[in-house]
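In what follows, structures are represented as structure tokens.
In what comes next, chain A is part of two complexes: it sits with chain B in the first one and with chain C in the second one.
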Partner chain A sequence: MSDALSYVYAVGRDLGDADLEGLAGAGVGEGDPRLVVAGGLQAVVGDVPREEFEALSLDDRLEDLGWLAATARAHHHVVDTIGSRRTIAPLSLATVYFDDDRVRTLLTDGAAAFTAVLDRLEGRAEWGVKVSMRSGGGREQPGTERPKTGAEYLRSRRQALREGDQAVARAEADAEEIDEAVRALAVASRRHRPQEQSLTGRSERMVLNGAYLVDAGAAGQLTSLVGSWSEHPRVRVELTGPWVPYSFAALEGTS
Partner chain B sequence: MSDPVRWTGSMPATRQQQQAASPQPRNSGTDLADILERVLDKGIVIAGDIQINLLDIELLTIKLRLVVASVDRAKEMGIDWWERDPTLSSGHKELEEENRRLRERLETLERRGLPGSDEDDAELEGVPVDDDALEPADDEVEDAEVADDEPDDEPDDGVEAEDEPDEARARRGNGARRSAPRRRPARRTEGRR
Partner chain C sequence: MTGAELEPVLEPRSTSLFGDREVALVDILDRLLAGGVVLTGDITISLAGVDLVRVSLRALVTSIAPAPGPRELAVEERDGLR
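Then we have the complex of A and B:
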């Protein structure tokens, strides 16, 4: 055991071994996810190799995208699988302790804070709403004539930028309305940084990347609301989820 | 279910969703980015026994960019927002740095009053020098492209011949070091205008 560290995925209060079903071999390290119990709470924990997670080597590894992607997926897989069965508070990636005793101390010392988070997340899920400009929507046709002079070029360039700005401004206004409508169904909301076009693989610019904490009972309303924008002339609205409420799991007193 | 590929499709239906009997939304190909933006700096953040500063996703992504050989790979993962942040854009930084160096160089030369021949080297031999090499540092260097330009031999107005050797070497040195995309000025007198 001294060669292993205890990696904590999430904390719950009504977890049983049955909730870990199907997760054998799916964890971040070699160790299968298991429960560590203390103070009326359960932590979902898995053994990870010490050398892989020692401070220095981990810093290096975080710069290894392949490792980061695999770890993030494994972490998310465990959290999401259990989160689809029970209410859990997910921990952020790579929270590791020397051993299970340290995890028990964490549960005991943090019991009140964890309970507060679990109360907030109970019966709710996080949904993502991403709004992007439709390509070509409201965009001017590019001039076919080549500018003959520098001044002409600059003029057309300024014009293009201005029209582009206006299209962006319109889409941002649309996004505000959409955000407002979704927030009316949500108990909390957060905004993430809009994702880059190169990442989405589309030429469309993202103008809203919102996360919303929604009661289970309102999920149907949310999906129909988002569906009602499927023909929106200027923006494309995408719904992701339900997610385990990562974006709403901050402990009190932190952000 | 343990196949990681499963994540590129759609999220599994959850209890809530089943209850709501709502249509299952599709995640597009961006889900790794969606995952990363949540697991990296969201969730409950507690200091573990091994200190890992994952709070600072911005710093992490900068480091990623510096280290990752293939930026395209980073882009696939969506870790490329820095490209929109001008303060992080290496292009700007390089230009500023270039300008600063040229200005310092010029000040030194002016203060010294000249003969920059104290560091002759073979490389200078045969390098035609003209005032254009010097000008950029003078009037607000607008663009580092002057540093990339081969000195040309077109003689020009008001050359201070004494400054030539140093400046020319500086230019060449910079040109060799720089990896920024080179843009050729339309006209060789770019810096002077």
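Then we have the complex of A and C:
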């Protein structure tokens, strides 16, 4: 057995070595991405150290935050660079095979499924729309009087909670409208879990973390649509993208 | 929640294709852990543990992002764990 494993970043159907330009040393573990070809498809592959990816050690590694961040960034960088040049189906993080022969088998066996994914992604990009409550948005200023009794304190505390709930409910309704408007421009949509405040480093509560697959020709419309919400009184709407369509690259069951 | 003093500065920024320097790690992980073509590689990596990863991620992200005050964090650690 070789000491290296074949890490697969993405699959395409019209990739050439020129599409890898600028990626030398930029892969996971500072590897050089290369192409493995079979079945009319190309896989973007890099060698990674076997011991680093063995099942047991990998579970530990996913908990190793520095490693996870570096791996995710390198994976994304390779996918993003090639995805800006060609249509590709990006793979999920850390998909590894014993060797290139196994990758060729994957391409041959999965040719129809990969082709279906590439057809769906061709000429389209993913955009992210995140909706968060503005700090204090739509919420009444709480009274400043000090409660005099315990009962009074509890009453005012409950009132504050109710108002908080209402503010969240309003923001969620706003998010539904925003999602609907964006979906009208998209060919597919998907929701990721709203990011927790501790992950975003922001104090606002996120109420929508949507992903949308959008035709290249509709990108301008999307940008202006999101721009039209820049002064929204209750929620902050943030657009990210274009992304290589990670969120829409799932293989369709068996179809 | 003491929102006012933590009001983050949020400049719109272009994210991805053509230069990914500014992309937030948490946005990348949303996609890399919950998206992409999912294949059973030769070495099976259970990403069912994603929640676990996300939980531990908070430590990482807060270490690179402009961090909220420690008191705020402590509360979210407790509330956010699943």
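Criterion: the second predicted complex is superposed on the first by the 251 of 255 C-alpha atoms of A that agree within 3 Å, B and C clash if a C-alpha of one lies under 4 Å from a C-alpha of the other, contacts with A are read in each partner's own complex, and residues count from 1 in each chain.
Criterion: a contact is a pair of C-beta atoms (placed from the backbone, for glycine too) under 8 Å apart; a residue touches a chain by one contact, two chains touch by 3 or more.
Bear in mind the structure is a predicted one, so any value in this text is a computation, not a measurement.
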Are chain B and chain C a fit on chain A, or do they clash, once the structures share the same frame? clash
Touch test for A:26: chain B only (first), chain C only (second), both, or neither? first
Thinking of the overlay built on chain A, is A:5 touched by chain B (first), by chain C (second), by both, or by neither? both
Contacts of A:219 with chain B and chain C, given as first, second, both or neither: first
Could you say whether A:102 touches chain B, chain C, both of them, or neither, answering first, second, both or neither? both
Touching A:18 in the superposition: chain B (first), chain C (second), both, neither? neither
Per the contact definition in the header, classify A:151: touching chain B only (first), chain C only (second), both, or neither. neither
Chain B versus chain C as contact partner of A:236, first or second or both or neither: second
Shared contact residues on chain A - chain B and chain C: 5, 8, 11, 53-55, 58-59, 62-63, 65, 68-69, 72-73, 75-77, 80, 83-84, 89-98, 102, 106, 110, 114, 117, 125, 128, 192-193, 195-196, 198-201, 209, 211, 238-243, 246-247, 249-251
Touching residues of chain A toward chain B in the complex: what are they? 5, 8, 11, 22, 25-26, 53-55, 58-59, 62-63, 65, 68-70, 72-77, 79-81, 83-85, 89-98, 102, 106, 110, 114, 117, 123-125, 128, 192-193, 195-196, 198-201, 209, 211, 216-220, 222-224, 226-227, 238-243, 246-247, 249-251, 254
Per the touch rule above, chain A residues touching chain C in the complex are 5, 8, 11, 53-55, 58-59, 62-63, 65-66, 68-69, 72-73, 75-77, 80, 83-84, 89-98, 102, 106, 110, 114, 117, 125-126, 128, 135-136, 192-193, 195-205, 209, 211, 236, 238-244, 246-251
For the chain B and chain A complex, residues of the former touching the latter: 1-2, 4, 7, 11-17, 19-23, 25, 27-46, 48-52, 54, 60, 63-64, 66-68, 73-81, 83-84
Show which residues of chain C lie in contact with chain A when the two form their complex. 1-4, 6-8, 10, 12, 15-18, 20, 23-39, 41-47, 49, 52-54, 56-62, 65-68, 72-73, 76-77, 80
